[in-house]
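Across the two complexes that follow, subunit A remains constant while its partner is subunit B and subsequently subunit C.
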Partner chain A sequence: MNAEIRPIRTPAEQAFIAALDGLPASGDRLADLRLAAARSFAEHGLPHRRVEEWKYTDLRTLMREAVPVAGTAAVAEADARATLLRGVEARRIVVANGAVVPELSDLADLEAGLSVTTLAAATAAGDEVLSRIGGILPGRYDAALALNTALARDGVIVTVAPGAVIERPIHVAHVFAGASAAASYARSLVVVGAGAKLTYAESFEGPEAMAYQANSATEFTVGDDAHLDVVRLQEEGTGAFHLSTLLFDVGRQAQVHAFSFGIGAAVARTSLYATLSGESSHVGFNGATLLKGRQHADSTLLVDHQVPGCESRELFKTVLDDQTRGVFQGKIIVRQAAQKTDGRMMSRALVLGDEAEMDNKPELEIFADDVQCGHGATCGAIDDDLLFYLRARGIPHKEAQSLLVQAFVGEAIETVEHDGLREALVERAEAWLKARA
Partner chain B sequence: MPAVQETVDQVRSLDVDQYKYGFFTEIESEKAPKGLTEDTVRFISAKKDEPEWMLEWRLEAFRRWQTMPEPNWARVSYPPIDYQELYYYSAPKRKEALSIDDIDPEILATYEKLGIPLRERDALLGIQSGGSKVAVDAVFDSVSVATTFKEELSKAGVIFMPISEAVREYPELVRQYLGSVVPVTDNYFATLNSAVFSDGSFVYVPKGVRCPMELSTYFRINERNTGQFERTLIIADEGAYVSYLEGCTAPQRDENQLHAAVVELVALADAEIKYSTVQNWYPGDKDGKGGIYNFVTKRGDCRGDRSKISWTQVETGSAITWKYPSCILRGDNSQGEFYSIAISNGYQQVDSGTKMIHLGKNTSSRIISKGIAAGHSDNTYRGLVTAHRKATGARNFTNCDSLLIGDKCGAHTVPYIESKNSSAQFEHEATTSKISEDQLFYCRQRGLDPEEATALIVNGFVKDVLQQLPMEFAVEAQKLIAVSLEGSVG
Partner chain C sequence: MAMLNIDNLHAKIDGDHGKEILKGLSLTVNPGEVHAIMGPNGSGKSTLSYILAGKEDYEVTDGSVSLDGEDLLEMEIDERAAKGVFLAFQYPIEVPGVATMTFLRSALNAQRKKRGEAEISTPDFLRLVKDKAANLGINQDMLRRGVNVGFSGGEKKRAEILQMAILEPKLCILDETDSGLDIDALKVVSEGVNALRSPDRAMIVITHYQRLLNHIVPDFVHVMHKGRIVRSGGKELALELEANGYAEYQQDAA
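What follows is the complex of A and B.
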């Protein structure tokens, strides 16, 4: 109710504002974009619990410390740190501390129709593709994205020409390397041309017990009839602060599936914004989060149906152990023009820890009358009947629990189409359960 | 899928243009000077002959209110209200009526026209035509004009009287409970109400007593530019039961009128309170001109173990509805229920829902909300279900459906579901097909298709509660229930 009261800037906010002060006054489009983002951050600052979209993840309180922007990582350390999804046959690109490491990245022998470059290289060359950066807007102020826009200097830019089918997945491995806590910013762009097909994976990791901050944002522009699969694995170190923003613009009859798997970080927030701007597209945004200790994870998404006949599906599973806190905020908007929309959103939470907390907020905003929309949210402990059934068959308590958790998470992981990636995620889930037992 | 024709017709027949209760009663009234100052508060308190503590209580609320900003988080928009342009007290000019025959015949006629019999003899005649006996407290603008069946109720030990009388006659009870559920500083409109409330009903049902008849209050705003600030306090002592009904109407006017009420319910151990509302304030005309701003704070406190509070609301009126009847489930094994049907048409805006706050062990709550939006209206369900650390075994089931008729209206759902302990079991759903698989299966086995079966189950379910309403409400309410749920969206 006191939202209009302007809070005093915290040390972290002041440090960010100071860091943003050094931006060049003007120049090209990208510089202007950065400046605008810096200005809006200076105006709004970090969101707190009175800001509806951050109600359950009070960045202002959680992000007390301001850490310096990370320097260049040592190649050997970055290489040693990038362990996730190594077993998956993919074109690997390593992004350490927000900068692409060419020595560790597979940028040669590109398939026909595929082009891969970096934001830094594109900026140096004045590449035309830069005009697409910042092309998809979330429609509301997002502090994480504003910081990313203002401070990111590198990232991966992938373009798939119309009609090209890229079988080999692209895997962008984000790592944090260094001896002391710092903040990294990576900005990526994926453009899938009309009728093209791509599988894009992202992984995030870093050292244990270090309060580093990783801020990543990726824009996906999906052309008409295109097909895009996105698979994300977030296993940041236990002290890390992870902020990521995904922005989608989906064309006519396109198919987009994104799966986010979160295990790591002390505090993680993933914001997904999808604009369905072409008729009859099909999108599926799914996720699974496994939490233990005192972790805090927030999945927030906004799916905006602007045109008729689109279908959206969201399924998010959260497993909460110990004193963790899970947040799911999903919002489906159906505009007046978006008749025949079919939108379904589901959030399920399995609470294992007595002191864990789950906050669900599935929202619908509907302005068209001929639609089918629904949402559901459940939250509870493991069903005693199911446990009893397994135990009656001689399975020990812990194991029975593990089996049920695995089945619970499995339903979401199964939506990943790529075999190798799906298996890798199942393996990570199993490892998590094993560590728990 | 779009709404079926039957539903469209049904909603149209309830259209804003067809408001039946829009007449105005020509009657001399006594008003407080326009505007709101400490003097207004003192004026009201003096009019009511209140003890010193009550005045202090009001003044404290008023001082607090002056420091509060008006809330803006609800999905409603309206031009700023000029609180100094309103009258905060208006009473028909006649000395307090000692018996029904002393009441101004104009007022009696008004209530008769509204279908509310204030003469016990008339009410008893109603029994023969099938209605049940209902005790009525009639509130006209700022004062209660009549309370029926007082004697019969007092034989059972039930206290049912205007709250202004209760302040004088049962000060210790009022003092103990007033503001204990909705604190003076709860929110902007509740605080305003605490400062200037003029009348409302007070109910106390003693230990182990099942209230022998339905209690009801009928609110009528008559005077121009007048805000109605009613305050209702219902206390069900251990093992008591009471069913309470509330109805409201207002004349048809071009300007907006403010209605900011506070309702507090207290259920002690093993007590049950059933609170039903048929809200039919003037909704404004078809262009959105006029209508009541209905900013209401209703909250029930299940203070004792095994207590139960059930809210039922049928919302068809008001230009703006801002209302969240809530339950604080404090006692172990206590239960809260919320059944709501909100229909908006024309330019009406509804932002309504409930809060179920689970504090005690093994508490359970159920929320069934149906929103129907037509015309240019906006209909929002906003609800909170929360289980605190110690609320082990808390359970909630929520089902909120909304239906849009036409493409100029909006339906929104904003549920907050917060679980802070592992044994809480929360389910929230927005599909009509999932109500009870068993019941569905049973109906389908008998040849009903899923839609018919669902409608049957939901209607049967809601009807259960609505059939308990007295005749004059039931007719209206049942008409609304007849609205098909076909084509619902979450």
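What follows is the complex of A and C.
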């Protein structure tokens, strides 16, 4: 006799599955992609601690409550909420509750070689660029990405023609607006042609003390010899769940640098998947996270060296105050063909709070024999000798701590090449420290 | 009134079984005076300097220390600095990521603020640092780097004296400032220190060797041994120690 095994679904999972039930049956490629994602989510549900990649971020437990899919945001509210990186000279596009707000977005006077559209507009027009959505695969099942794929209806699509150098950064400002908690999904795509150059910034924010959910996924296809800088600032409201996925496919001799700065949200998970598919590329994936109260933040990376001669660098800094929890999971895979790979990964945590916890899990999976790879993880308190030295010169305790914390995260922020964006991030770090003092 | 008055100071390393290091040390320092404290390794010279600066690894078990009549031991570390206590470290610490200029400015302004003075303006600050740095042979590149990061031993000591020149403390404690210096660096550092000698400022120069005292000539020399001052005299005492060594004191104690 066979007994049917039915997993018990939490209210949040049931709500997600109910939302997925509304998907159109089939039709085009995108619809099929969504259905496949919905099916895999219905099968796996939210990941829990027995799922290796989510061991330290048990979404099933952390995200129990169901929230409806967010409706359209009021333009005025979205405008008022989108405050991050406003001082940076950039082409600004506001995405509120997962939908591009044309009234607040600078979509005119595009530089030669730059094309910017929205997922919704591309879908309506049956644009050929849609064929690239879902083109980069994470190589493993990812619940946050599956939900995003199934439920996102809008987002930003940026294409840079081969050889075009776009000096002015593009800044996509994600905001959540509304009176009650809801879930938003945004799916973006950035295609940088061969030899082209682009700086792309993303920011995330929303109301305080509201358990809204923001799920964002962005795919970056970087052509041969192209140069892409990605700068991200996550300052969601204190009650928010932030799930974001970044997917990179990096071409031959391309240079990609991404920096993620995480300050906000009750629970944040950023997953970064990079496939190095062209020889001799150079990638740097760095990040800094500042946590206080009871925040939980998880940075998970998977860098897949598939071809010879690529160089990858990761440096993540986490500052943990109070009862916070930080997670870093980084994995470098070196395929058999990827000889002469040079990969280095480092996670450093500075623990300020007595009850804070940091989980570091660096991994190397190497199939080639002629490679240089290394990883490291450190976790410690502020050095008493450093503190004494600063205080002995008259700097009060809190201020001395702030200087040392700033120096600690500064090393990671310094890697941001764009002056305006780097200064804006330094300013956000200073504001965080000031609020603490 | 004496500037610094140390009376029967006893101190041990913090913790239940901490070893007693200072065993009844007394010393009076008046404004304008330079006191040299000499003694063999392990006599407690550096401990004394750390206790005066406020390092938290020690516990004072008896005695008192007052600065201008106020109880120094009750003050926070940064409060002591604002009151004019400056310790030039034997091993200055590297502070990566905190630029020397930022550090100097934060320190100066924090002290001024605590004393109820206005913060220094940017042009005034830049001028001040430029003048003082030039005298000590410290270039702009060193000022831009993290505090002491990548500095040689001599550069670190010069940077300490630069901090001292900018912060203008009333009580300078120099802990083995001569260690690790070649003869040229010793001259530069000594000149920097001598330039700071003034009728309102006192100095305690801790050293193992007499050599430094040829350059920074003290008013008083004290011999420290096993946590106490066992002999005091004028600058000629240093020459005597140089000739005879510390053996005499070590035998006494045995």
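In this text, the second predicted complex is superposed on the first by the 430 of 437 C-alpha atoms of A that agree within 3 Å, B and C clash if a C-alpha of one lies under 4 Å from a C-alpha of the other, contacts with A are read in each partner's own complex, and residues count from 1 in each chain.
In this section, a residue touches a chain if its C-beta (ideal position, glycine included) is under 8 Å from a C-beta of that chain, and two chains touch if they have at least 3 such contacts.
What you see is a predicted model; the values in this text were computed from it and never measured.
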item: Superposed partners subunit B and subunit C on subunit A - clash or fit; value: fit
item: First, second, both or neither for A:351, with subunit B first and subunit C second; value: first
item: Touching partner for A:359 - first (subunit B), second (subunit C), both, neither; value: first
item: Cα-centre angle that subunit B and subunit C span when viewed from subunit A, reported as a multiple of 10 degrees; value: 70
item: Partner chain(s) touched by A:381 [first = subunit B, second = subunit C, both, neither]; value: first
item: Contacts of A:336 with subunit B and subunit C, given as first, second, both or neither; value: first
item: Subunit A residues touched - subunit C or subunit B, whichever exceeds; value: B
item: Overlay on chain A, subunit C to subunit B nearest C-alpha distance, Å; value: 14
item: Contacting residues of subunit A [partner subunit C, same complex]; value: 384-386, 388-397, 399-400, 403-404, 406-408, 410-411
item: For the subunit A and subunit B complex, residues of the former touching the latter; value: 1-4, 52, 320, 336, 339, 349, 351-381
item: Residues on subunit B engaged by subunit A in the complex (per definition of touch); value: 1-3, 68-69, 71-73, 187-188, 389, 402, 404-431, 489-490
item: Contact set on subunit C toward subunit A in their complex; value: 53-56, 76-78, 80-82, 86-87, 89, 92-93, 95-98, 102-103, 106-108, 110-111, 114, 146, 163, 167
